[in-house]
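As written, the chains take the letters A, B and C, and residue 1 is the first residue of each chain.
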Amino acid sequence: MIKRITLFSLAICMILNFGGTIQAADTIKIGFNAPLTGFAAADGKSSSEGAKLAVKQINAAGGVLGKQLELIIYDDQAKPANSIPIANKLIGKDKVALGISGSYSGPTRSAAGVFQEAGIPYISAYAIHPDITKAGNMVYRTGLLGTVQGKAGAKLVGEMMGKKKVVIITLQNDFGKSLAAGFKEIASKYGIEVIAEYQYSMKDRQFGSIIAKVKADKPDAIYASGYYFNCGPLVNQLRAAGVDTPVIGQEGYDGQKFIEIAGTAAEGVLITTTLDRDSKEKETVDFIKAFEEQAGYPADMVAASAHTAVKVAAAAMQKAGSTDPEKIRQAIAQTSLKASTGLIKFNKLGEVMKPVQVQIVKAGRWHHYAVIDDSELLVPPEE
Amino acid sequence: MLYVELLTQGLIYGCMYAIIAVGLTLVYGLLRILHVAHAGLFTLGAYLGLIVTNATGSLLLALPVSAICVGFVGMAIYRFCYQPILHKPPYVALIASIGLFIAMEEIFRLIFGPYGLTYTNAPLQSLVNILGMSLRMVDIVIVFGSVAMLGVLSWLAQRTRLGIAWRATVDDPQMAESFGVSVQKVRYLNFFIGSALAAVAGIFVSLLSNFAEPTMGGVPSYKALAIIVLGGLGNVTGTLIASVILGVVEAFGTIYVGDYLDRDAIAFACLILVLMIKPQGLFSRK
Amino acid sequence: MGIYELSLATIVCINIIFALGLNLITGYCGQISLGHAAFFGTGAYVVALMAKAGLPFPVNLAGAMLVAGAIGIIVGVASLRVRHDFLAITTMGVGFLFLGIVRQQDSVLGGEMGLSGIPSMGLGKPGFLLLVLVVAALCTAFSVYIKKSWMGFAFDAVATDEDTARLLTVNVPAYKLTAFALGTAMAGLAGGLYCYFTRFIMPDDFGFITSISVLSMVAVGGIGSVPGVIIGTMLLTLLPEMSEFLSDYKLLFYGTLLFAVMRFAPDGLAGVGGSIFGKLKGKGGLA
């Protein structure tokens, strides 16, 4: 009997929920899709926390155009089949002024198409697929393009570190592949010889066979792409197998969790990323402190990117002086904003042009190592 | 030298797979159920083992504690999830098991967070030099541990009353029952042992990567199925051999064929190939 | 209907076509397929390539069905050699093999980067929904027709007891292959429509989880029952939207629901519906 009542009330709740969200009085709404459940839940959590922090800070400072910002977050489980209805919901039902993606490339690209068609601006916080901004002039990206970061990695390894014989270990997804592509594209410019490339899948945590082969290859440096749950174990196992070669990674490692997993093996690992822990810039320092206070764990690149995206959105709306989509878009295009991930400026395609931070693990924390701001190298494609 | 290293790595993977897969094949052999939730027990074992090790500093304590707890959870899963639907078509248990597995993964994420847990001071990390290869203690323990555990299992099955009762029940439950064997007890024992093995496998895997995460059961959930089919459903020896073969194939495959196929595809290509030649698996039901 | 409801209805109809295809294989012919997403994906990639080449959409959709059906026959031939649980795992293997190959094909199939810039059908959102609805209705009608026809009898015989069916001179292999071909062609069609829906496809959309999802839709609905599968599909597709209030607990709810249905109502919604009808009929009768 009780079971029946519970099921019935649950059913009613679900049907009622279909009716849509309760409209709060007079706020400016920003849509946000992120993978809150499913395999990408870790990044979904970080990105939504970063976005929430930004909204909190902006509202505390008076909001935008005299109104409070309201962040409407929906869980897309990192699937395009979910992100498209969500995008339609944000536009059609919630009437958001613009959308931000705190999710991966697949769902972002599909949702971008929807936003472009509806003429509402859409900002990709950290998804790296090049085709996202190609969806149209409404779509912008505050994170670094994969290929751009790969190029920066090549400069770091070949020129700044002087290592010439490199083994690439690539994560088999759009992130890993575009990083490797960027790296290989200009490797020869810096005198780098890629002696071998190995690939692994996102689910891999054990790298025994690849490590055995890398040992036999005897490279000067290892350029390995992946997320903390791949490269943490990878670096750990590399050092245990007696491979002392320097490891250079990217923003997928960016976070305290990588260091926790790799332990002492993490010492000396370098990454190209956009969050500088040692930055003296007020925006970055404030963000790092405030994030750890709110979320309870150290900030990572994903959170910083989402935070930046919200800041860009708010600043654009303020500058545009209205919530008219076309005016916002124009304002975004003219952005020149200092955020936690650096100075944000967009090119014609909507790609960001900003320097790349290089961080190193020292004494169990990420620290500043260098900055790459070779504008010729880092210029993103225009179309 | 490289080939020796690759072979060794393959052996280590294989032993890991073996511990997971044997539990699964035990369940299949007895009940003809594809117990996908087995991978959830694997994850639970890893988390419990990690937490106990971090709390007490002793892996030696964590192993049995985790194994026993997970063993009981496994028994409970049999009693409340499978027993009522034993007579239904096989897909019912399969999907129920999948639903259970998804729910378990989510519970782990909700309780322990999406980022996973690490060991404060991972045990068995000291390095050992064998034949010029640098291995960790945990690698050695996996190989010898799995051989030992499965050896004990085999002895139990052949030489003890319990084992004979179990084998009788697998072959012909009704006949066994008429001889006074409690089929119910055998089933409980089966799940207990299988789940305990899964827990131990989980702990070993978490030691290899210094990491336990909610989705760590994902790959074993389907890989183990492939292995038990390859070995011949219900055949423990077959499962063992299939595990090691798969481990070695993957170790070499990821290096040499990795440009054309990813790791899972290599495993399944192998499986499909074998099944086309021997539709009952490498060894049919013993 | 706002654009939100439109997009939801569209994905529901696409899933219905996908699930009905699986229902043909699993429900009508009793063969468990754990790799149905591979055919869905095949259809999607075929349409993506053909659409980008500038071909009109009816041709593309037909192409999707043909290729998916053809591969379905090949897999079907494999299924003749293995039984039951072995078959389930083999089909799972097919799914992974498909994915493994596609992921590494950077040149033609886009590899990990997937394929983007897929042109729209040009029908607009409501027009597209209409098309998908019509196709779903046709597939439904087709499924019902098959069930009631002599082919359906044969399928049923094979599903219930293959060996006896063989004795009764039912050409079991032929029917198994036919079921596979039809079911996978339908999946390919659904995949093609999906491609026009998202206009951007990546290998991850067609993995093991997708195969499990569609199998769950069929099982929750009631294997073999066309109305059951349709309702089951609607329920599970709309579940993330309906359970939005559960936020963090959504997926937990999904897993628990799946388990609960199999545990307490293994015949799915069709079974529940059937027993309610039975009770109603019984009340009116002899009482």
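The rule is simple: contacts are C-beta pairs under 8 Å (C-beta built on N, C-alpha and C of every residue); 3 or more make two chains touch, one makes a residue touch a chain.
Everything numeric here is computed off the predicted structure, so don't read it as measured data.
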Between B-C and A-B, the pair with more C-beta contacts: B-C
Chain located farthest away, centre of chain B as origin (C-alpha): A
Separation of mean Cα positions, chain C and chain B [Å, integer]: 31
Geometric centre distance via CA averages, chain B-chain A, whole Å: 35
Residues within chain C bordering two or more other chains: 103-104, 248, 251
Multi-chain contact sites of chain B, meaning residues that touch two or more partners: 106, 259, 262, 264
Touching two or more other chains - residues of chain A: 37, 172
Complex contact set, residues of chain C against chain A: 2-4, 6-8, 11, 103-104, 106, 111-114, 116-117, 194, 197-200, 202, 204-205, 240-245, 247-248, 250-251
Touch list for chain C against partner chain B, complex: 26, 32, 78, 81-86, 88-90, 92-94, 96-97, 99-101, 103-104, 208, 212, 215-216, 219, 223, 248-249, 251-252, 254-263, 266
List of chain B residues in touch with chain A within their complex: 1-2, 5-6, 8-10, 12-13, 106, 109, 114-116, 118, 122, 125, 127, 133-136, 205, 208-211, 213-216, 218-219, 250-252, 254-255, 258-259, 262-264
Chain A residues touching chain B - in the complex, by the definition given at the top: 37, 39, 41-42, 44-45, 172, 198-201, 203-206, 208-210, 212-213, 215-216, 229, 232-233, 236-237, 240-242, 257, 260-263, 297
Interface residues, chain B side, partner chain C - complex: 28, 32, 34, 81, 84-85, 88-96, 98-107, 110, 222, 225-226, 229, 233, 259-262, 264-269, 271-272, 275-276, 279-281
